[in-house]
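Would you mind keeping the following structure in view while I ask a few things?
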Amino acid sequence: MKKIKKSNFEKMVNSLLQSGSTIIAPVLKKGKHYFSRIESFDKISLDYCQTVLSPKAVYFPSTDSLMRYENEHNNVKIIEVEVPKNPVIVLGVKPCDAYALSYLSEFFLKENSDTYIQVRKENTTIVGFTCTHSDDKCFCTSLNINPFDTKGTDIHFTDIGEEYYVESITEKGNEIIKNFNTMFEDSQTIDKKEYSSNPPIKFDLEKIRLTDKFESSVWLDQSLLCLGCGACAYSCPTCSCFDIQDESNPYSGERLRCWDSCGFGLFTLHASGHNPRHDQSNRWRNRVFHKFEYSVKNLGIISCVGCGRCIRVCPGGMNISEHLAELATI
Amino acid sequence: MSRIGVFVCHCGENIGATVDCKKVAELSAGLHGVVHSVDYKYMCSDPGQTMIKDAIKEKKLDGIVVAACSPRMHEPTFRKAAQESGLNAFLCEMANLREHCSWVHLKDDSTTEKAFELIHMLVEKVKKNKPLFPIKVPVTKTALVLGGGIAGIQSALDIANSGHQVILVEKDPSIGGHMAQLSETFPTLDCSQCILTPRMVEVAQHPNIKLITYAELEAVEGFVGNFKVKIRQKAKSVDEKICNGCGDCTTKCPIKKIPDEFNAGMGYRAAIYVPFPQAVPNKPVIDRAHCTWYLKGGKCGLCEKVCPTGAINYQQEDEILTFEVGAIVAATGFDIKGTDFFPEYGYGKYKNVINGLQFERLASASGPTLGEMKRPSDGKTPETIVFIACAGSRDSAKGIDYCSKICCMYTAKHAMLYKHKVHSGKAYVFYMDIRAGGKNYEEFVRRAIEEDDVSYVRGRVSKIYERNGKLIVKGVDTLLNSMPMEIEADMVVLATAVVANHDSEQIAQKMHISYDAYHFFAEAHPKLKPVETNTAGIMLAGACQAPKDIPESVSQGSGAASKVSCLFSQDVLTREPLIAEVNRSAPPLYSTCVGCFLCQSVCPYMAIETEEIRMRDGSLIKEVARINPGLCQGCGTCVALCRSKSIDIHGYTHQQIFSEVVALFNRREEYETV
Amino acid sequence: MIKVGYFPGCSLHGTAIEYEESLRSVCAEFDIELVEINDWNCCGATAAHSLNHLLSIALPARSLALAESQEFTEILVPCAACYSRLLSAWADITQDSKIRSKVSDIIELPLLGTAKPISILEFISRYILPELKEKIKYPISQKVACYYGCLLVRPPNLVHYDRYEDPLIMEEFVKVLGGKPIEWGFKTECCGAGLSVTRTDLVGKLSGKILEDAVLRGAEAVIVACPMCQSNLDMRRKSINNYLGEKVDIPVMYITQAIGLAMGIEPRKLGTKKHFVSMDKFIGNFRLGQVEHSKAGEV
Amino acid sequence: MTVLARVSELLDSQQINLFIGYTQKGSICPLFLKESDQVDKLIFNEDCLQNLVPYLNKHEVQSFGKIGIFCTFSALRSLLQLKSEKRFSNLSIIPFLVISDDEFVEFGSYEEIESYIEKNFKKGDDNVQEMIDKINLMSTEEKWEFWTNELTGCIKCYACRSACPMCYCDKCSVEINNPQWVPTASHSQGNLEWHVMRAMHLAGRCVNCNECFRACPMDIPLNLLTSKINADMEVAFGQIPGTKLKLDYAMSCYKFDDKDNFIR
Amino acid sequence: MKQFEPKIIAFVCNWCTYAGADLAGTSRLKYAPNVRIVRFPCTGRIDYQLILKAFENGADGIIVSGCHPNDCHYTSGNFYARRRWIVFKSLIDFMGFDNRRMYFSWISAAEGAKFASFINEVTDSIRKLGPYTDYSNLRKIGVGSIGEEL
């Protein structure tokens, strides 16, 4: 275990910036935090509860170009898109988001490796931070995630006052420590819990049994508040649905992968006009089932990390932790 | 994959001199989906057209672009050629290389480049064209004429005489309209009734005319050739079939002091009445608003007692008559402003300030004074009389900006009639300008001034007040020193403005025709379609469109009749299919139209109606807009208004225009190599 | 207490002081405070507006801007000439933002047009009329002539509270006061104020015709709401009498004076003694008891 | 009678099957009541700003048939505007405007809403006007920079659309792909075109409820766009959306002398 | 270097401006060859989104033209269009679009000369402005990138 003085941490970040790494970190804008590319250390604002959007776009951008093509008279020429390979460091990732990023790489890479995401993951270093601020919307602990967990990070920092307590998790983490070995000092193992936030447990995960609730009326009751936008899915660190769009004119075109949301009515609309998820309640049920049932079946992981973003952004006041608590009681 | 043919015309030297047609054809051949591209000296010539026809057949073309002159010139020619070779006419587009390119630019690469681009745009458009078929609608050869004034009478007679059935509807108990109220007519001073009544009788006797008086329009549905109209026959309370028109009832009726509409309130009539002696039909009706039987619950009943034929029927009810007609002539006439519109002239309280129509009745031999000049207050002969022209008209402060057109002439006539009856009298006319455009009109006015010694004063009257039994008229003579002048008059006649009927707005809405800011009905085009309305199959006649005198009303009546006859000369109407349509999609949506009906309010032709989409069991799924193909003229305003883009217009579809626009660009670099 | 912005103009502080006195006395009875616009200036009711349109707006607009800064949304302008100028300026600046910004530059004050001038007649019908009836102690019972003059209800495109030919609003007030307004044709005829200095003889003719008709129809007083009308009809009696060839002694009073009298306000608080033509006869006639009453009050 | 008692009464007597109001759960959020037993959870205070009318456009909500609803002033305007656009033909709606616990207005008809709005009309938010004025003062380049920056943040979640009472199309035209009018991708151009289109669709229809701004997770001031053009339209055409029961849509009428200073 | 020649697209109605352009042709008036005309039945049909599409696809300037008020073949299409343009203009001005690249005009079927001189004037002024890339460049922001804000 290592530790690093905060002054050295700043020097390290500046040195990484100078070496050409792209650094993405929480930044304060108009009173809210967003992950954003930074040009200097002082833009970083680690003193935050939750960013509006998750860092998932590091792997999975909201709009991603998959390929381009050009018409040459009656032939079509395909132009491949190169994913940039420059090193990217994501700084200040909370355990919930790191957990989510590890889910995303499972999802995109486990069976059929998605090249675009593969390349990005290879070039990205996730620098995790122990969570220090939580609010009434956070519920990671209810999902058995601790606010100081290291899953999904390459290197993990814990703020212990004048210094950061540092755990290297992967080879990429070791690399950083090696590169800046003068700045890191050895440290005792500490109890990170003392330094982390501690969101209360809101429901008993064990009691949520979805399998027999598919036809329950609870979905309609809960989804009445839902207005059917995609704010929850787009802010969610694990939502991975996308839509393929071809933008074209008679001469050329581009194939794009764009975020999509199962909350949209259009999501499952068939060309025939039939929509198997016609009502918002069907879509809401799918969202909960996906996170707590299907992803467990497919990947063995619950794909909700309790970050609470969907609760914060919902214009209709949907609160998934309350809804899960309700599900745990029936 | 499309199979498009491009045909580049040289138009002799017209295009060929500035555009390199051969190169354009070569470049076009390289366009995606173009399988045939040629140039030729004269595409519109017989060999040129044969070239196109042969290529369509041989190359199995599914769309052609003829790059030649303006489509406004030869589009029909080439569409016909396409049609003749089995390609739907609407799969042919024209690129305008002559008017829009070769004639307006110099011989240059950029001109050739433009020519090619124009073709390219239309190649992309024509790929999205769909076969269209002319719209055919059957025609019901019966016309409805609304209004039995002189315009309506003329229209009805002309249509009937050309062999078609006519239904003539009049709101009053008799036809005749305002013309029947007039004493003499300008510029000939012949008796109005003498020339009108024979025509009224002709209407009544014409085998092709069904006359319905005391009736009003209730509703109009449908479209050109296929209107369904509902007429409310107001209860006359007299059985027309039995009544012999003896007139006993009207003389015996005890309620006699009802201001007489026909005499413009200058005389009185009974509660059961015939509006005037020459009325057609000459049968009385009961005015229920004044009749004791209705007001006092079945008392009186005198008319029933005296009627020799038992024609009185107090229990008669309004009846709704339904007719199917192919065309409608609106000839609902006009009204004039009352004197109460003019506070400065005594706002209706001075009995001796009257309007022009009232003067007509005073001057008429059949009027309340039997044609003698007697002023309303005391029956004395007015020794000094003042006529005020433009009372309201051309006065934006009164909200009437237009010229009422007939006042100059009838004021001259009035002054003349007065002078002819009261030789010693003094007549003044205050006017702004004299507008006497028309055959023998100016001469008529000069006669009034020169022969009949009417004093014309160019100036306006600011105020009239009564003092010592005289009307003090304060005005100004702007020609003589601009001095204020005061005239002590015995009677004043206001040539009040001609205005639309009070209910013209409702009538227009029932017919779905547009009207102007003054509620006069709007013609389809002020110059070229003065008789038609925007709603196909509905024509206008007379002063319901704008103020008009008798000859104009008669001409327009005949014009409307001839439009109707043209319409009726065909059994089936054929229209270009370039009209808008609301989309359909798979259930459960059925249409992306969400039924907000904002498009309805924007349609100049009121062609958008409500369509109910129902389940097989009859339950309503949704209401969507539907464009009536009979009414739509294809302007596309609804298309651009529709938020969900649920409306599209054939010939200019979203896809077609979109492709045209996108085709134009994105190829900046390529030109370097051209 | 209702506070209303108040633009007196030069007349109400000078020749028409009795107009202001009576207005304030009446307002006091209705718990209305008239608050003078700070540092108001001349309305520009001269021929200026025919020489420079922009400046003719700017002059009254300054007073409008000052009223705005005092947060008034309405300004009572009792003088008809001031009212006309202020209203025209207000209309110009509210209808055209370009003019507004130009004028704002000229007067060097922020100007939005949020303070709208209202005439005395609008003011009465809005603030006085609703409760007037119950406050009448001595109804006027005589025939009176209501005279509006040229400016009070014009121009038609700006003034909408009454019809511009043959207005009726003052007659309504007089009826509430118990009076009998005559029907006559001179309500908006010219009194000759524009020629008051240059052609006094014409004033005699124009004003004379007005008074002649009022007298002929049995009116015992002329009621006005414009200082110019009042001064012409009241002060020019010499030339009027010259023109008419007889002496007319019909008094000319402000509508506010008439209201005050009917409410029983002491005549001295209404400035009734400040006219050339005595109002004593009229006051005596309509309610003999009133004078005694007020005297009793003084004791 | 308090408003809560009245709501209970309506629910108990089945004059309404659903009541949509507000409740406080950490923050204020909508509450859907089917029975009167939880009526005491309803609250109404000055922080209850959300326009609940958009819920009435959802077919799931419409299936309740008879619905009571708390309305803010702009929500009332949206109800009226929606009615003029022939919405809610199968729905009976009882809107409530709450002033205090004991003081409330219950509307029995749309005519009553119309006359209430006429009598109590209040202009939109001053802050919004202030922002608009601020942007108006910018140069063209500054405006462009301001808006492209703001709209780059858009993630195309369509929360603005979902939360807008006036967005009720069965198929939004952004979803039309033949031709593809608006790029669905959330690149800057797609975002800009989407918001231009949305603003144009709300021209003459926006009731200034500012719901789009409130709903936007990225805090983009979308309400400025709609408020700006509707304020301009009010000046130019004299029509105010959501004040008339009879359709009074500025984009579907015209005056002969509509003023323009740019058409040559 | 070749001189920059702007690409201009004109959306015109069939009855007035298209006919006016025809008249310019029959009168053999000469004007700049930079404009491509798209024919519509009426200005009422012209969708504001087409303006965006044209800019998106690289137009340097746009002309919208139809019948003078009161001259509309369909009586009122141009009045509705005018309102639409007034509103659209207020919106895009507020959003900072380069309003020097959009021209609106009324050109009747009789105004061939006006059409020709208008085209020349528009072409000249847009040529001076240079290529319009602000709009089409937007397409490149936010694709495949991590973006400004995540």
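Which chain is which? They are A, B, C, D and E, in the order written, and residues in each are numbered from 1.
Keep this in mind: a residue touches a chain if its C-beta (ideal position, glycine included) is under 8 Å from a C-beta of that chain, and two chains touch if they have at least 3 such contacts.
Please read these numbers as outputs of a predicted model, since none were measured by experiment.
In summary, the chains found to touch both chain D and chain E are A, B.
Ignoring chain B while keeping the rest fixed, chain connectivity by touch breaks into the groups A, D, E | C.
Touch-path distance (fewest steps) from chain C to chain E is 2.
Legend note: the chain whose CA centroid lies nearest the centroid of all displayed protein CA atoms is D.
Taking the mean Cα position of each chain as its centre, C sits at the greatest distance from chain D. In terms of C-beta pairs in contact, B-E outnumbers the other of B-E and B-D. Seen from the Cα centre of chain A, the chain whose own Cα centre is farthest off is C. A straight line joining the Cα centres of chain A and chain B is 67 Å long.
Remark: chain B and chain C have CA centroids separated by 50 Å (rounded to whole angstrom).
For this pair, chain A with chain D, the centres built from the Cα atoms lie 32 Å apart.
Separating the centre of chain A from that of chain E, both taken as means of CA atoms, is a distance of 45 Å. In chain B, the positions touching at least two other chains are 585, 589, 602, 641, 654, 658-659, 662, 666.
Multi-chain contact residues of chain C (touching two or more other chains): none found.
Contacts with at least two other chains are made by residues 48, 53, 57, 70, 76, 80, 84, 142-143, 147-149 of chain E. Per the contact rule defined earlier, chains pair up in contact as A-B, A-D, A-E, B-C, B-D, B-E, D-E.
Of all residues in chain B, only 30, 32, 124, 585-589, 659, 662-663, 666-667 touch chain A in the complex they form.
Partner chain B is touched in their complex by these residues of chain A: 71, 73-74, 249-252, 271-275, 278. On the chain E side of its complex with chain B, the touching residues are 2, 5, 7, 9, 14, 18-19, 21-22, 24-26, 28-31, 33, 36-42, 44-48, 50, 53-54, 57-59, 70, 73-77, 80-81, 84, 116.
Taken together, the chain E residues at the contact with chain A in this complex read 57, 142-150.
Contact residues of chain B toward chain E in the complex are 70-72, 96, 98-101, 103-106, 108, 110-111, 113-114, 117-118, 121, 514, 522, 524-526, 534, 578, 602, 604-605, 633-637, 639-641, 649, 651-652, 654, 657-658, 660-662, 664-666, 668, 672.
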